[in-house]
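Chain lettering (A, B and C) follows the sequence in which the chains are written, and residue indices restart at 1 in each chain.
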Amino acid sequence: MIKTQNLSKEFETTVAVRDLDLTVEAGQIYAFLGPNGAGKTTTIMMLLGLEKPTSGKIEIMGKSLDTDYFSIKRRIGVVSENQYLYDDMTAWEYLNFFGRLYEVEDREKKIKAFLERVKLYHRRNERLAGYSHGMKQKISIARALLHDPELLILDEPQNGLDPYGIQEVRDIIKEENQRGKTVLISSHILSEIEQTCNRVAILNKGRLVAEGPLDIVKMKAMEDITLIIEVENLTDNVQKAISAEPYVKSVKVDNNKLIIVVDRAEDYRARLSRLIAEEGALLVGMQSKTVSLEEAFMKITESNVKALLKEGTA
Amino acid sequence: MKKQQRPYRAIAITAMARRELRSTLFNVGIYIAIALGLCVASFLLYNYVGSIQENGVLVLPSSFTYTRYLGGTIPSPEPMQVPLKWAVYIGAIYITLSASMAISRERDQGTLEVLFYGPVDSVSFVIAKFVEQILAFAVILFFYVLYFVFMSRVSNFALSMGFVKMLLLSLLLAGCMAAFGMFLSSLSRKVKTSVILFLVFTIIFISVPLVHSFLMAIPQDEVKGALSIARQTTSYLNTLVTWVSPFAYLDRGATAIELGSVAEFVKSLLFSLVYTIILTIGSIGIFNRKGVRR
Amino acid sequence: MKKLVYLLMILVAMSMLIIAAPPEKVEQTVIKLILFDGSQWGETFSPKEYANFYMLAGTDNIIIPTKTKVYYWPITQEYMADYYDQNEELEGTLEVYHGNKLIKKVEKEDYSFAYPQGYYGGRPELRGGEAAKEAAVTYQKEVEAYYGRVMAYQEAMDEYRIALDKFWENPEAYKGRETEIPKEPSQPDYPVFYATEAQRGYILNLEPGTYTIQIEGQPESKRTVSVFNPRRAGPGFEIRPEQKWTMPLNSNEIKETVYISGKQTMYLTPYNGLEVNMYKYSKLQKLPSVSSGRGGEMVYFWMQLDYINDAKLQVLKDNQLIDEVDLKKWYVQQTADAALGYEIIEFNPVELGERPPSFEGYKVDLDGTGRYSFRLVDAEGKVITESERLVRSIGSQSRFFAFLLPLIPILVGILIWVWRSSLSASEKGTDKTSTPQAV
């Protein structure tokens, strides 16, 4: 659905995006993450043709904006973090205008349906100037969905929304994805991303520092793996035998639980199971401790900063 | 026609121009401009009527001619043509001001960015804005025509071909004024800057010909030193202004109507068209350089 | 912006200094020009700064190359010639070139302006050569004859006074002999014919085009002449409304409409008119002036020539002939009882004695209803080309509507503003399923 190759954008004094290779497959909810100034919005703007790349290629739906500008744009819906609406228009007029712009069939019916979906139908004839932040964001979402786009690009769609609003937006994203839409979402609310997305890309200082399925990225964020093993007949021998293993970095005992930190090179769970049995203990359960996306994000971006600093001093 | 072959740009232009026109018509500004134009027209017609009632008789040509009077010459305009011309001037100034904010306001408010998320490009956007200005001016003209037709019936003042020509010319003038305003608008990111640019250029376009005619009144033999340089400079500037200023294009056309010269009239229409096309292309070029983001 | 204001102030101050300087007189060869403007001759001159002058095609004009003192007069922004200080006319043959081709040689000759119908009546005539001298002689003879009549009148008066004295000595003696009572002799008539003294100059009459002239072998007298024709010609009208007879308006061309306000009486005096270029004509009248003709390069205006007195005026109402009027002389009589303080009566020389008519014209009475027009017809009843004029009566409600109509867009604007403002108020509580208005 989206493919970038060596995409770069340089401004006069800074490099906003460097050699970005990104692939978003159809049907995905793809999260685009990164700290402030990482180059997310610049990338989105390049995808939409609002910024010209310094170098690299962009393909959307297998086509380039240079050759198929209008046909591509008509198949994309965009919501940005900023609510730039025509304040002198009513909600109905606003959606009707965009309906005309995108040549939406059964326009009035669809506008009515969307206004009802975002619970603003009863306020359709009010001017947008009087709308709250949350209401404006809902209107922006309705506007982005009105023409039934194949690709939704959402830049901080839940910014400034109350928990109910966040929930509503989350539901809409999931529903639209279930209806076959591809979603590219950039957000700071990582808990939301965790609940909605199935693939993540993390951008830092213009570089892509992590990309892949959500679980894998989270795993990748961890240098070591912490395993929690519940054992019956736990003896010192068991603890010693495990500690003697070369891949084990530390072992702690908490009642009948062993908390073992191993390196990430391999999956050692089978070897550890065998070892516990050999020492005469009974393995009751084993689970690996996961990190949240937020922790992973912090870890990835921090380590990336360190790496960049090293690069700089080298 | 298959959907893939639809003229997407035309659809975008239609939708945007329609939105803009609605916005203009839902604003009091245009009605104030129309009322001002009609006030000026009424003032002139009122004077004609007053003059006829006071003197019993008034001779007014069906086109603009000069009549010898008391050893000098005075212009004797057709009764409806001059009021229309002044009303058109006021309408055109409103259009220029409106056009000078058209692009910068959208950029300033960020709505431009939202438009460009969709099937809108710089060409369709600038042309839509331009079309909207022309349509707004057509609305102004519509009010004017209603007014003049009604006044013609009430007063019995004749509506002539000169009046119709003036209407046609004024639409092209609106093109020049809108293109000029849009050009100024494309230069700036803020509405305030656009308005300042509009005022500065309007003052220049009005003052340069005045200063030039003042300096040209000084005989050649008396023009020395700094005065000579000033005269030469204003002469060049004046020549430039006659091609750059949109006001000059209306003057050119109005003079052609006044003189009853068909060739000059057609020439003025062509010049206006060329001026409009050049400035619109210039606006698109500058717009592309400046980008759509705030 | 401030800099621009300062620059303008400096420019204005500098030009004022230049204007204040005393004029410097410089000797140069100018061309004294006595040019025909369509009805009479007027004088101007061509200094070297204005080496191109203008003439009407097919008319006689006087050219006199002269060495004189020239200065610029800043107050009126024009060059002046001081002929009192120096006035040396150049002699020789005047050569006229069209391109590089010499087309004509003109010798200096006598000229005079003759006024066969008197100085204040009719158009003057330019007489050249022997005719000029003859005109001057004729005028001289007329003056001498007049002096003879004056002398005879004086003698008759003297005799009359003596006879009158004799009469008063014994009036009774004349009873029954009334015819012998002395009668006062009538005053002698003034000479009608007038002519200026014969002077010398080159009489030039050229077809339209651009020419170069100079006195043979005297390049300082070289000038360019632009000879032009009028653009159009046709009858015009002086229109005198009854209530303002002293302020006639002119209607020069067929396109013009005469507007009246209700019932109206007016007097129309037709004349022959010419339409000429404003710049060329202004320069013809006043060449060495900075402001003359400025901005009039593309402007044409009508020039009034002599009156038409051999036509009739037809008045039409809604395209139907309703009246045919003869040209008459009118006299304005002061009357205290009249609403206007005067009344316009038909001129009757018997009743009014030596008093001249106030004006001549066709009297037209219009009742202000319907659509009128008038036109001139010649002695054979043929309509004279371009003589038709439309007359329209303006409506009495015009001023009221002129006030009212501009308020309508304001009203529309206010209604829209109120409506749009009302949309800010929440519609909370309305039926959520109600059908929206189409936009």
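As a convention for this text, a residue touches a chain if its C-beta (ideal position, glycine included) is under 8 Å from a C-beta of that chain, and two chains touch if they have at least 3 such contacts.
A quick note: this is a predicted structure, and the numbers were derived from the prediction, not measured.
Engineer: Among all chains, which one's averaged Cα position is nearest the averaged Cα position of every protein chain shown?
Structural biologist: Closest chain centre to the overall C-alpha centroid: B.
Engineer: Could you quickly compare B-C and A-C and let me know which has more C-beta contacts?
Structural biologist: Comparing B-C with A-C, the pair joined by more C-beta contacts is B-C.
Engineer: Distance-wise, how many Å sit between the C-alpha centres of chain A and chain B, to the nearest whole number?
Structural biologist: 52
Engineer: With chain centres taken as the means of their Cα atoms, state the distance from chain B to chain C in Å.
Structural biologist: The computed centroid separation for chain B versus chain C comes out at 38 Å.
Engineer: So the centre of each chain is just the mean of its C-alpha atoms; given that, what is the distance between chain A and chain C in Å?
Structural biologist: Centre-to-centre distance between chain A and chain C: 90 Å.
Engineer: At which residue positions does chain A touch at least two other chains?
Structural biologist: Where chain A meets two or more other chains at a single residue, that happens at 88, 93.
Engineer: Residues of chain C touching 2+ other chains?
Structural biologist: Correct list: 420.
Engineer: Hunt down the residues of chain B that sit against at least two other chains at once, touch-wise.
Structural biologist: Answer for chain B, listing residues that touch two or more other chains: 26-27.
Engineer: Can you check the complex and tell me which residues of chain A touch chain B?
Structural biologist: 45, 48-51, 69-71, 73-74, 76, 78, 80, 82, 84-86, 88-89, 93, 97-98, 100-103, 140, 143-144
Engineer: Please name which positions on chain A make contact with chain C in the complex.
Structural biologist: Those in contact with chain C are residues 88, 90, 92-93, 96, 108, 111-112, 116, 121-127, 129-130.
Engineer: Any idea which chain C residues touch chain A in the complex?
Structural biologist: Answer in residue numbers: 420, 423-430, 432, 436-439.
Engineer: In the complex formed with chain B, which residues of chain C make contact?
Structural biologist: For chain C paired with chain B, touching residues are 1, 7-8, 10-11, 14-15, 18, 49, 72, 74, 77, 79, 239, 241-244, 247, 249-253, 255-261, 264, 266, 278, 290-291, 298-304, 390, 392-395, 397-399, 401-403, 405-407, 409-410, 412-414, 416-417, 420.
Engineer: Per the contact definition, I'd like the list of chain B residues that touch chain A in the complex.
Structural biologist: That would be residues 4, 6, 8-9, 11-12, 14-16, 18-19, 22-23, 26-27, 109-121, 291-293 of chain B.
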